[in-house]
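In what follows, subunit A forms one complex with subunit B and a second complex with subunit C.
Coming up: the complex of A and B.
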């Protein structure tokens, strides 16, 4: 190793040798050693930036986005993944017919039905009941409007449900006394009794039968509203996606049987039907897994001071709630409120001398509920609250009815129902200041009707079990569509916002939703509607959970300008020397190479 | 000790005597206080069976509060709203023995069912948030720094429940700065079955209540499971106490500004030595002053509210503590003089207004007020914003018996008490007497997380005053 002094000496000598006095301003040329060192320094800086800085920066600023099956989600939303179908099994019990005759009748009826049906997604499938000769069927007479207690009604409904998975049973019976066929649907069961004259018995050879046409028409009539509702729901969702379907509804007079027309769900809804369905849909509540029901007794005075609501609920409402529990759960609470006055905006009841009643004006009904004073706050807990108000007017202003219609009950969309119970009606059954169970029975029955319409059950069906079955199918269909469209929204959101983080929980929720949607779709195809509803409920819950994931809702969004503002002051002072030195070095290398070549 | 507070006594009697007890009753106790005040105590009591309460069938227990309590799994609740100062020296013992009032502002304590400390605190926060919305009060600001878990101070009022076996946790919170006003009274009245439209609650008016010298609103919910195994029930008691200045309340509403009495209208105290035609010492004219309910409260009572027992017999709703010799007039309803000679009660008519006139009859028309069992006053000592001290004077007025009680203090986290400076001494000696404090429970504060909790079991000998002092530092607060 050389001593420093020697090195300086040599450097001095070099300097004197290579630099004449006239060019003394010029620095000495760099040694190749120092050029190499400088190059190494620049390369190492760049290496640190590229191999350490960049990965660290990328790693710390990257957003975790779990993989989502985007295409599949969009397919579900667009209705490409599943065409929901509703094949309804209808059993035919014909104990008095020969096997061949019965089969022939069934075939003809099925044919007539197929001709009548205009909506291919919802179709009725006939089959012969297994137990052709059930003893009850042989001896049964058509019951004349039985007035059974509601409790028994549900009892028998549950029995039927367990026994048979068919939506409806048609029981055929020959009756001598009648000329034309007639039918009767019992309000508490899913059995349609059809009585026909013996001469209407179809022969195997005939190609058409009045009885078959009659049965087909009757069945079609029964399920027309359900078909319309389902078509409306499906059409709504389709219209939401494809604006092309917004075209006016095709009139229903087109010849049946043409396949293209059949596949259009809007086909069988005429405009007034559509308007009626739309008002029905706006009235009915959005699906929720739990509803809270609040029953309130309001009186303007201090009497009646109590009601036998616990036993009345147990008898009149709980059976209904139990049977709808497959669709939604319910909690019920009750309260009694005295000295409830109308709000000042409502006109005082007027006396109508002609009818001997006090009347409320119809336009006041919307303000009947005194929201400021009556304690009708929603219940605590998830899920909407339905309020059912039983108003008992003062002795001095009763009976109180609505002007014009003389009605005493009405429905407030999305909020609940009101029934005015006039004490005269109840005076025979109430003891002292307590409203007896019997006195509030009509009110509770009205409330249960209102509840069904809030849930969206069809109104035209006379049989409650059939209504509930229909409700199951409608809810399954609407849940399937709503979960699918949530999937679509989530997929579009994911694509639209590349900076949003997607945690693993969302991915699992999406997977669960899709698998349950598939189950639902298959169950619908197989006609297992209860199972379909169960799966659809899970799918809906999972979809909502995925869409409203907390860490996604509170996403950190930086616009690009913001990023520039953050990074520029940081990278400017560091980046400029780095880039400039690199450029300089490259330029020098370029120059030296050029020099070497020449 | 004599208890002149007649409804309390009667209530206890009636509970044991009358079996056919209705599920709701209300009482108003009027007690004229010297020199010119009137204590009005409103009490609303309702009951429901525990089963119907849990099945959410509400009748007299309000649904809004009942659902909150069930949601927060609260078994017992005590909520207090108070303003003003009770003048011990001239008004005597506090109404209800002081059990229906809290410190100034809002005070809340509850027994909450939970599996663990953390679980109970989560439910406590839920409860506070819900009550905050219900009562329009800032109860949601009762956070961990304002919450304590007292050990000795509170006993559950529920009968038949065991706090340790039922996993019940006691939590206590105060908001001393909360200003109690009309917005708290309105939801309070909404909880009543008659909503202030009938019965004694029709007298409750924000203008009068918050004009009072002292007022307190209380809500107590407890469960009662009788030892004989009969049906458990849940009881709710709402109480409003106020001390009205009779003179002030009688001012007409359209002309509320007090004006000087013209000289011919002045009533002079002639017993003063300097009394003469020129000099007048105003006599205590309000002694035995006459008043009517409408003059004091602005309106008469609007009929009765559910004031019947289960057999349909009317119940007494209005009580007044005046000697029997004083004359009174009522518009309707029956008067019932009690044997003690110091109290009488009235039933309310069903729907007509009820008015009561207390006549003026000489100066000797008051019941003697009772002496409270203890006088307490607390003040700050020290100087500056940083170093200070607290001095509490506790006086036992009884000449014969000593008194034992729990002194409960919560301090915000930025006040750091020095426990070694905590001394108790008798006022007539200068040396500390450690035997005065029988037991101490102290939970130190944590910065920004927990306040100080201090509970002392103190015994004061007869006819003596104990001075309790301790020093504290105030932490320097950051501005951010």
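Coming up: the complex of A and C.
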């Protein structure tokens, strides 16, 4: 477009300096009116640029960074905001003792426990249970463990949970027939029955008691593995803090706090235990809020042709999954595959005449799953997939066990488990047969053990409710630490990359995470472990959501030179006439002012 | 009782006959032209109006589908047409609109504003065309006929703009501002015509009434009237769409934020397809500022001929608008013959006309090659669009040069007929 404010002159001015005869006329001077108009036009264009263009540029190209509570996030990541403690309540039921004696026994046992305990974050607190009438009118002798159906077990477990929120109940009984104290933990309840000899009855005056020491040792044994795992988890996070101490983004003020956290767990775990725990931890699955379980039936022939898996699942596995639902959710799928042959690399089963079984070599176990031909899709549902394979061998090669250990089931870390179901009678392998619910039952029980070990539940506790409780606490601890470290990573990322945008969703996710972390910490301190786990799960989900926000990374790799390529093609040609005319105008104004002064 | 000029009646009759012939003797022609990208843009397409009308008459919000981006008043207007006679009656409606536009144009020509405004009288003002001839140039322009057959909504905007100008030169500023309010309600860009229109109204009123009130009070009064008109139209639309304000985001924010990048004759779509997301809003702002930046400069420099400011701005809009089409070009070509006295002063007439002709003929061919034959790509079509914009810019720049030279020759009458150069 034309430059505004023009002036016209003669067609050829080139002769001005050459020939005096043809001296061209200089154009008459401009009127002041036209000079003023020209100046106004230039000003009007520049006014649009400065008063409208500049704000538009600033407003539209500024990167929106929401405010994040960086210091709080770093505090959480360094472990300064919360010292997780795990106070467990142990209730002591002693209906046959006097109140004063019972209290005295409790105090002595507590002293003994405190002496034994080296890890102060995880401690046991004893209290006397309110005197409840014992259910079903038991006598003083130890009741025999009953082989209850799993459904009934969890019914009674829930009742216990509702009645008192202790982790464990110790029931004391005097028994005449024994010399020293004995204890027994029922496999389906959280009750530890302790029987003591009559001469061990504590009296109020004695300062020490063999019974108290015995109870303290037993309790410490029961929770030792859990303490070790929690100490290991906390130690892992402290080690992580230590590695970030040397990075430039963490202030030196965090050094003393983390040193303190670091020293305590190291005293507790000796190296072999640490190594064992480390290998156990890597074998167990990474936490996910939902897991998908695939139950598969593989058979090398065409029989059994179906299985009553749905009713078997509903009766044997679903109650377990429901009770673990506080930790993670599970979805289950099933499939059947016929004519599932081994891969060529696996040796055919050999007949072991000594035991009358067919054996598989141990080296072949890893190749047992013929991944090439067996349809085990790695990811169907939401979350990681666990595959549980039930293999019914051919009648000619049954019973099939692993050589050496004679085991018929094994775990494959991070993948699932395999159970070889050797048919008890010929009917299961006849053509067109159906695998009955009762036949599947032992396999499902094995699977549930495998599932619990996948989730990281300690194996030494014989009681299932105790395992679940331990799992709850361990998960709460690990989720708390994982969410806190995500917060720390996000804070460091925000500081390190000033060019990325922080949308509001990240800010809300961070606020939600921090508030749920606080709830978790408080719930842990008060001993409300299921509530702590719930809050920890929400905190972890929110932290992941905030950290992996997709819109944050749009501008990261945008070098500044590219900005030139973006702005110049349009603004260059538009800007050149504006700048040239402004310069000309300024020169003229300067010249006229100088002329005025002289 | 209105005396109808015989020549005017002849003109109108023949134009109507031509259009009726094209509408009814070639039944597939209207749909063909409605589908052409040079005539229908996402904000003016007749097909989208039909879609919105269907939704509106069936009690669904017409803006739900994200297809309809036009003002609600049009919906209520078209809803009055019975659907059984929809096609013939809309044809008659558009023919009537064309005649109304021509009427306004003839009024503007007869006022002789182009030759001599209040502050300036051109030395060449006798060189002019008859007002009927100017009307004929508009009615028989192939662009105008194609626009009429293709039935885009921009015809309503053009009609409103022309009436605003006609009322301004007749000394009725109130109606003029009302008409401009309607125009900017239907599309957004006529807002930028407000300053020159106020200048035009002021000049005309000062000339007729021989009094010169201070221009600032005049400007403030009519600016507030303009905004009151807009508010009134928005309020009516709110009532028409059942009390919701969502039509604002569907109609005006489409022009501002350009979510629909259907290819058209303009320069915006190609650029905004490839711009980075983080710079998109910045460049939208820059493009709109570019369009609006010319208003101030032109108003200051050519203050003495407000009608020419409006004409040039219409030309600039036809090039740099977000969704331009042939109707904007036909509007500019309607106003340009008013300045017949400038044509001898223009330097590149042949070049510009040849460029326009070239682009008109090759444009549909390249579009066909790109979209239907698949042997070309978007660059073909965009290149022809650039050539077309180049041709139009040449005409705008040349006419600007001509009017400046015309003004200069009043001061230097000895330069008449001589070759001059800008320095």
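Please note the rule applied: the second predicted complex is superposed on the first by the 454 of 598 C-alpha atoms of A that agree within 3 Å, B and C clash if a C-alpha of one lies under 4 Å from a C-alpha of the other, contacts with A are read in each partner's own complex, and residues count from 1 in each chain.
Basically, a contact is a pair of C-beta atoms (placed from the backbone, for glycine too) under 8 Å apart; a residue touches a chain by one contact, two chains touch by 3 or more.
Quantities reported herein were computed from a predicted structural model and do not represent experimental measurements.
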| item | value |
| --- | --- |
| Subunit B versus subunit C as contact partner of A:44, first or second or both or neither | second |
| First, second, both or neither for A:302, with subunit B first and subunit C second | first |
| Touched partner set for A:54, first subunit B, second subunit C, both or neither | neither |
| Superposed model, subunit A: greater residue contact from subunit B or subunit C | C |
| Touching partner for A:375 - first (subunit B), second (subunit C), both, neither | first |
| Which of subunit B and subunit C A:574 touches, first, second, both or neither | second |
| Touch list for subunit B against partner subunit A, complex | 52, 55-60, 62-64, 67-68, 71, 130, 190, 193-195, 197-198, 305-306, 312 |
| Complex contact set, residues of subunit A against subunit C | 1-2, 4-11, 27-28, 31, 37, 40-41, 44-45, 47-49, 52-53, 56-57, 60-61, 554-555, 558, 566, 570-571, 574 |
| Complex interface listing, subunit A residues touching subunit B | 294, 302, 305-306, 309-310, 331-339, 341, 373, 375, 377, 379-381, 432 |
| Subunit C residues within the subunit A interface of the complex | 275-279, 281-283, 285-286, 289-290, 292-293, 296-297, 300-301, 393, 397, 400-401, 404-405, 408, 411-412, 415, 418-423 |
